[in-house]
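Heads up, there are several structures right after this.
Heads up, the next two complexes both have chain A, just with different partners, chain B and then chain C.
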Partner chain A sequence: MEKVGKLNKYVFTVVVMFISWVMLTSTFRPDELITGFIVSLLVALGSFEYLTEHGLGHFSPKRIAYLMLYGPYYLWQILLANFDVAYRVISPSMPIKPGFVAIKTNLKTDSGKLALANSITMTPGTLTIDAKDDVLLIHWIYVKDKTLEGATKEIGGPFEKYLKEIFG
Partner chain B sequence: MVRKVVYSIFLAIIVLALAMFFAAYPFGKNKMTVGEYYLNHGVAQTGAANIVTSVVLDYRGFDTLGEVSVLFAAAAGVAILFFLAGGTKREQEDLTKPNFVVRVGSRIIFPFILLFGSYIFIHGHLTPGGGFQGGSIIASGFLLLYLSYPGTRTNRDGLSIIEGLAGLTFVVLGLIGLFLPQYSFLYNFLPKGTLNTIVSAGILPIIYIAIGFKVASEFAGIVDDMMCQVICRGGGK
Partner chain C sequence: MIIRLIIGYFLLYFGALFLLLGAFGLIRLPDLYTRMQAATKSTTLGAFSSVLGVGILHPGWFIKCVVVALFILLTAPIGSSALMRAAYKTGVPFDERTVVDKAKEFFGEEKKEEAK
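And then the complex of A and B:
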């Protein structure tokens, strides 16, 4: 991962803040836009060190394209997991085997690991408990594979190839 | 026996007082004449789309100055209390290191909290909320940072300067009204502008922005005092 400069991060934060402002106010009236721009400049001044590690690199077309793809893909994954958990809930034999597993991630950045952890948590059946370096501790409703490699492939695999491109 | 007689007398007094109170207002008539006045004239007189703001900052602006002072007194009280209590000997390592998700998540969400708080107090005269709410939201962002990175310290001198300037803005805006022909404290001397735009309602948005900064810096200061009680006193500041 290459280091990016302060100015780069600052500009990125300003842009993100300005877009959020427009979404909050949901108008393009000039007075709101000017105010939003000033507010973005000030807010970014106090917080640009926190938001990003890549700076403007986040806006590269490849990343945005993968982000766009990740949305529907992730919804599909959630849908599948929902049916899986629903089946375990309603079937009389109660096919659950809860337990903790550790998985390994190739993601280098903190924001990428956070996205992976939250993607896993949001998916029914799996829950991220903690993360240390490149290992995530997961609670799983049905432990199919106890080994590090197997669990990584089952839980992290579907998300990781996209998140790798988006967050690096 | 005597006790029961005394009880009965007191009960009779209370019932009588309530009856007299309600008898003063004919049944079915609106009792809130002041409230009705605000509702009917508030928008035209103050230019603020948010009627609550027109009451809080315009009709009752002086009360709000009092509330700001109360908050200042509370923040100062917390600071004095912790200063007098001295240090509890605890090292930073005693604090639980927060979870990875909490740490990274709060770092990413912090700018958005700042932006949302600013949005709330800048639009105080247009939408629900205002300086107090927006300031609290911003301070909660700082609280989140403190909790997820227990070593964080805010620049206290900077906070004091922001707080002082914001309070000064409020009072000076009020005092200007005294030198105008209308001769009243906190007189809304700026043009009212177009309803429902940011530049409207005269001095009200400026006051709310000042209050927002003041409340945010005061709450952040309180959080800093409390965290310092745990962290920096151990090192003997």
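And then the complex of A and C:
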């Protein structure tokens, strides 16, 4: 995804801030809306350079569609992860085989890598520790594959295809 | 009405159950790293589910609760990553069952870069 200008980023930040305001106050009273709009304009002024890389490009229909698909999948993974943890904690023999493994990612953007790291943390048995360029360091509670290639396929594989579409 | 109450209370207790399981994990698992895994996953789902349950029990708060739940979902993994990284860098020992340690080379390279 291409880099965008300052105005684009600023408008995007204002829109996101304003949506957050409306959702948090959950009202459409004019005085609330006007206050929220002014506050959004001011806060975005100081923060837009750090909060977004791609500006309004985030609102393209294709990305939103993939995000809609990704949301439920992410929640499902969290649920699975919790049952996995519950099983390991409760079973008397405690089946753990922890280890630190590294995986490679094809995602180019920082926001894409952040989303991948978050997703990995929430999948059963894995937790991202750090990221450097295209390598992610992961703590795995039950190591199935010690090699870089094997671990990449096992851990990052299912997410990459969604995140590739959303973040590029 | 009654269905709303059932769903709300179900989510509330479901969250509480997983928070309890997370606490079990803290006691039973052997080292900091595996404990962090249990704590991160169960607290995220526990808090998410409880907050959503409150939102369903009080429809006036629903949208607020959804926003709060989303923020929890987005920020919890980042916090645990930072804690794990700090723990490894300060040399917190790990359990002898640990089978592979790629972290040494991962952070080893980084140190060299910093030296330059």
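Everything that follows uses one rule, which is that the second predicted complex is superposed on the first by the 165 of 168 C-alpha atoms of A that agree within 3 Å, B and C clash if a C-alpha of one lies under 4 Å from a C-alpha of the other, contacts with A are read in each partner's own complex, and residues count from 1 in each chain.
The rule is short, and it goes like this: contacts are C-beta pairs under 8 Å (C-beta built on N, C-alpha and C of every residue); 3 or more make two chains touch, one makes a residue touch a chain.
Since the structure is predicted, the reported quantities are computational estimates derived from the model, not experimental observations.
Engineer: Which term applies to chain B and chain C once both are placed on chain A by superposition, clash or fit?
Structural biologist: fit
Engineer: Quick one: angle from chain B through chain A to chain C, Cα centres, nearest 10°?
Structural biologist: Rounded to the nearest ten degrees, it is 70.
Engineer: Contact-wise, after the overlay, does A:T152 reach chain B, chain C, both or neither (first, second, both, neither)?
Structural biologist: neither
Engineer: A:V135 in the overlay: touching chain B, chain C, both, or neither? Say first, second, both or neither.
Structural biologist: In the superposition, A:V135 contacts chain C only.
Engineer: Just checking: does A:E32 make contact with chain B only, chain C only, both, or neither of them? Give me first, second, both or neither.
Structural biologist: A:E32 sits against chain B, while chain C stays out of touch.
Engineer: Quick one: chain B or chain C, who's touching more of chain A?
Structural biologist: Of chain B and chain C, more residues of chain A lie in contact with C.
Engineer: Would you sort A:M122 into first (chain B), second (chain C), both or neither based on which partner it touches?
Structural biologist: Touch partner of A:M122: chain C, not chain B.
Engineer: Based on the superposed arrangement, let me know which partner A:Y50 touches: chain B (first), chain C (second), both, or neither?
Structural biologist: first
Engineer: Go through the superposed model and pick first if A:S20 touches only chain B, second if only chain C, both, or neither.
Structural biologist: In the superposition, A:S20 contacts both chain B and chain C.
Engineer: Just checking: does A:T105 make contact with chain B only, chain C only, both, or neither of them? Give me first, second, both or neither.
Structural biologist: neither
Engineer: State the minimum pairwise Cα distance, in Å, between chain B and chain C in the overlaid complexes.
Structural biologist: It is 6 Å, taken between the nearest C-alpha atoms.
Engineer: Output the chain A positions appearing in both contact lists, the one against chain B and the one against chain C.
Structural biologist: 20, 24, 114, 117-118, 128, 130, 132
Engineer: Taking the complex as given, what residues does chain C use to touch chain A?
Structural biologist: 18, 21-22, 24-25, 28-31, 33-34, 36-38, 40-42, 44-45, 48, 60, 62-64, 66-67, 73-74, 77-78, 80-81, 84-85, 88, 94-95, 97-103, 106-107, 109-110
Engineer: Spell out the residues on chain A that touch chain C in their complex, using ranges where they run on.
Structural biologist: For chain A paired with chain C, touching residues are 20, 23-24, 26, 74, 78-79, 81-82, 85-86, 88-90, 94, 96-102, 114, 117-118, 121-122, 125, 127-130, 132, 135, 137, 139, 141, 143, 146.
Engineer: Would you pull the chain B residues touching chain A in the complex into a rising list?
Structural biologist: 99-101, 104-105, 107-108, 110-112, 114-116, 118-119, 122-123, 145, 197-199
Engineer: Which residues of chain A touch chain B in their complex?
Structural biologist: Against chain B, chain A makes touches at 13, 16-17, 20-21, 24-25, 29, 31-32, 35, 39-40, 42-44, 46-48, 50-51, 110-111, 113-114, 117-118, 128, 130-132.
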